[in-house]
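Going in written order, the chains are labelled A, B, C and D, and every chain counts its residues from 1.
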Amino acid sequence: MSLTAPLHGVVPPVCTPLDDRGEVDTASLTRLVGHLVDGGVHGLFALGSTSEVAYLTDAQRATALETVVTAAAGRVPVLAGVIDTTTARVVQHARTAAELGADALVATAPFYTRTHPKEIAGHFRRLRAAVGLPLFAYDIPVAVHSKLSASLVRELAEDGTLAGLKDSSGDEGGLRRLIVELGGREGRARGPVPHFSVLTGSELTVDAALLAGADGVVPGIGNVDPAGYVRLYDAARAGDWVLAAREQERLIELFAMVDVGPEQDMGRSSSALGSFKEALRLLGIIDNGATVFPQIPLSAESVALVAERLRGAGLPPVR
Amino acid sequence: MSLTAPLHGVVPPVCTPLDDRGEVDTASLTRLVGHLVDGGVHGLFALGSTSEVAYLTDAQRATALETVVTAAAGRVPVLAGVIDTTTARVVQHARTAAELGADALVATAPFYTRTHPKEIAGHFRRLRAAVGLPLFAYDIPVAVHSKLSASLVRELAEDGTLAGLKDSSGDEGGLRRLIVELGGREGRARGPVPHFSVLTGSELTVDAALLAGADGVVPGIGNVDPAGYVRLYDAARAGDWVLAAREQERLIELFAMVDVGPEQDMGRSSSALGSFKEALRLLGIIDNGATVFPQIPLSAESVALVAERLRGAGLPPVR
Amino acid sequence: MSLTAPLHGVVPPVCTPLDDRGEVDTASLTRLVGHLVDGGVHGLFALGSTSEVAYLTDAQRATALETVVTAAAGRVPVLAGVIDTTTARVVQHARTAAELGADALVATAPFYTRTHPKEIAGHFRRLRAAVGLPLFAYDIPVAVHSKLSASLVRELAEDGTLAGLKDSSGDEGGLRRLIVELGGREGRARGPVPHFSVLTGSELTVDAALLAGADGVVPGIGNVDPAGYVRLYDAARAGDWVLAAREQERLIELFAMVDVGPEQDMGRSSSALGSFKEALRLLGIIDNGATVFPQIPLSAESVALVAERLRGAGLPPVR
Amino acid sequence: MSLTAPLHGVVPPVCTPLDDRGEVDTASLTRLVGHLVDGGVHGLFALGSTSEVAYLTDAQRATALETVVTAAAGRVPVLAGVIDTTTARVVQHARTAAELGADALVATAPFYTRTHPKEIAGHFRRLRAAVGLPLFAYDIPVAVHSKLSASLVRELAEDGTLAGLKDSSGDEGGLRRLIVELGGREGRARGPVPHFSVLTGSELTVDAALLAGADGVVPGIGNVDPAGYVRLYDAARAGDWVLAAREQERLIELFAMVDVGPEQDMGRSSSALGSFKEALRLLGIIDNGATVFPQIPLSAESVALVAERLRGAGLPPVR
């Protein structure tokens, strides 16, 4: 499925279920894709940070992406994360993603090494030139430790390098300024870059982002409750902002599951991704809630808290 | 004027105009207060970061606060920033503010020194006990380099230490979670702390904050266009979110004046506060656009850009 | 005592003992100064970070400085920290320090506000012009959250603004480069700024700093064991680097007392300054080990660990 | 060559010369290894940050490592960097490195993802278990954005996971404390971990690190002047600390070449690695000074400054 229109709506970053040996559980992943598409999502983001892409070998990445593409079966577009330190390595992932049938690519700035805006611009331009797929910039300072400036994004939007932005920077004011520069919530179609998609990764303020003129959202907890985000999105599109806010509030309470893993025992990744995957297991969608090593598994007590959050949000566990 | 009801609405952090000798220009400051109250604001925040409080001597701070209180003349409540490194020094500022007629205090966590949540809690509790005025926590990591956690704010709200929060952290997701924990946009009155006021300092996403359930906003650029923020606030209260967003977009374009000072020549404070003060001068409200030393003055070219932004927002300069 | 020669040697940042009411205990402070001068130190730094300057009111600062100056009685020079957010406030502290008899001033870059190298340069120049005392720049990013660049320090050294640098940045490589630019360990007298004093605050690598050509050290734990640092300094001056390193190792083991306060219970300031003060109490030099509120007191268990460190370093407690 | 004794001495992180197509220039790399071994170095670190490992594809990494191993021909041990985001990916690099003949591995903490000390410990332990080569921890917060604590390093040293530490953290005080905990400069052989090698990456304070008891150094600029670092090391081993410091000062002046690339035009990596490679070209050792894309090439003016630094350090360019 090609991206014939600007990407919009709910585009969850698909979790990667594992089997007992720690390999990609393709049956569970296929069920998860079904759960998401049935929930009404508008696209799928495979191999994003929430997929544990940074923990997967190249072979595991390929298996995961192939499974998502096959399971999506053209019903919604599939974006593929191409996460690696610098350009040559990212281009290799991008070629693989294109071969496996991804509809678009999502790439970060270089990381591990100390970089510079001019180098970041060159990075995205070469990547775009090397592989014939729409390219989204993935602004995620918590992972890559640099921020894409609004002027850089705009420059790369205007010259056709970027088809859109996935903003996980948490800088809502900056994103708002960028949207205004691109024509604002009402003038985007007439702005300097009519087809530039702005997707927010800030899953706790999606009503706000849509009110600001964002096109869509990439919510990690959307793995657990895709239909909730679709209701939120539909309410916003219908102009019912109070309903959208109410749905967002329910999702915020659900999201609190990310705190179940005690800080002294594990990193934020173990806790948040572990809670998403345990929730999916409790809901009967995947078979195993494990995260990739060296992440720390949730305790039984933490899993019980996840179950409690699910019940509180009207999503009772089935096991 | 005492704070008989939870603080809400538009509460600008009042700029401190200077005369040619660098002293507080009380006549200009009195006119500025008139401009703000006439613009419909619901309160005034004197001696906040935007007032250049960190640049003012104790005598200058007293002059500025006294002038604001006198000019407000009980029409709206006056909050006073009590900004200093640690408790004993802050208590002294708080006593002075109480004597000068402030209606409430706004204090940050300790800074310069390395601190800890338990020490921050002690700091706010002792401050509250020492001075008989409602106390707002001022969460401003960009200045004090620590973040108030939601659990700490909630603890200090529930035990009555804090009357509210002025959130300049930029962490909109975190603020949203706090509001939900306090009962959400619709359940705040029935929540654990019914009278806790949440004010956002994120002046580019005020529509979003109000949709989320915040009580008000403390916008620096509200010095320049108080009526714009009041229209935004009124539209939100009336449930006209699209009108609120449109007003917010206009204010974002106006706000771009903060970038007129080239980064290689000056700090962010010089550029942002200088543009606000030059805008007020261009609008005929204050006599002099200077900021306090060692901030760098704006060039004539930068001032021309400020004027352009004013015209673009429908606020034509009168000089 | 004026600074007739470049400052050098061991210059401890003098702790500020408190009495039971939390006020400056001048008798204990006088004894502490005696302990330091008897230990052979070459200067005293009053109102530095280790003195808890950021926790003291202006009146308490004046009492502490006056006590140190009186107790020093001209035997060694007294440097005074003039710690506040920006220029006008710092100038006030500097005038007071001059009146109270300080021999030199030690000032940081502006903090709390966002600053810029050009603003920092203006800050130091105006301060130097306002008060007729030699001025040391205090590079302490952990407190002020900006780093003085080598080029800025060199510029301010060459134009006579600065008499020296107190480097608490922890950037030993950067300090080494600065010393080389100033002529190196052997060519300093013939360098571009012959009388510029470089003092390191990195108290665990003093042998290294002296080998690199630094003039002296400002060691917090030098309050507890001034004679140890003097022996280290003398060994280095005599070219006995192995003896210097051995003394440094002993002082590192003593320094481990700063970790006695558990991280989950208190900030780094409470733990480090609390251990220094409890050690001084255990040695019979001051009456009370308390730190200024809102710092957290050490537990009895932590104090026992301090005593153990003292014994391990050959400094047995007397109470 | 197996690591029969604790690693010590000068172990440069070998640069990776490129040909005109951007591929590894094995002839130049072979000459570079010859230059280093002839310079007297005690080991070689292939695929470290200075090798641009984060910019190289897996195939290029293999070519580079194989070339270094072959050229070293058993004269000195070869350490191989195994740099990737998390455990499974690092294990793959480690297996390849073992097959290609590396004598030891150098691995960082996980990066890109948010991690935790318990996860880092698991990461190193699994890596050690998976591949039968001595393992060095690579502490490089500027790249991976977390710091290995002294207690974690010590734990992993004592249980045999780690053979040593390559410390590029810049925290000289922390490294000094670790060395003291391990028995100090004189007591290392009798300490809790007799064979643990401490190598510093702080190439501007090597005399200091050796005085502190470090075993060796991994100097980037050691590519350019290996004999200089060997002289420094030999002087330190002979106890001639003044001679060591003098040699260090000369190398600091040479090192200033890393600043030739203007900050506004390129990142720190482009500037530093570009200057090292241009210096090697000017000295006739490699054919091409290019760095890997998207790093920015040095201008002719910058190259001229590199040449000047070479001449200043007594290393006249031959082209």
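Operating definition for what follows: a contact is a pair of C-beta atoms (placed from the backbone, for glycine too) under 8 Å apart; a residue touches a chain by one contact, two chains touch by 3 or more.
Which chain is which protein? Per UniProt: A, B, C, D = Dihydrodipicolinate synthase family protein.
Small disclaimer: the values here were computed from a predicted structure and weren't measured.
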Cα rotation angle, chain A onto chain C, in degrees to the nearest 5, is 180
By Cα centroid distance, the chain farthest from chain B is D
Taking shared numbers over all numbers used, above half giving same and below half different, the chain A and chain B interface sides are same
The larger set of C-beta contacts, choosing between C-D and A-D, lies at A-D
Cα centroid separation, chain A vs chain C, in Å, comes to 49
Chain-centre distance (mean CA atoms) for chain C and chain D, in whole Å, is 35
Multi-partner residues in chain B (2 or more other chains touched) are none
One finds touching chains in the pairs A-B, A-D, B-C, C-D
The chain A residues in contact with chain B across the complex are 170-173, 176-177, 180, 184-186, 202-205, 207-209, 211-213, 239, 241-242, 245-246, 248-249, 252-253, 255-256
Chain C residues touching chain B in their complex are 49, 52, 54-57, 60, 83, 85-89, 92, 110-116, 118-120, 122-123, 126, 142-145, 265-270, 292-296
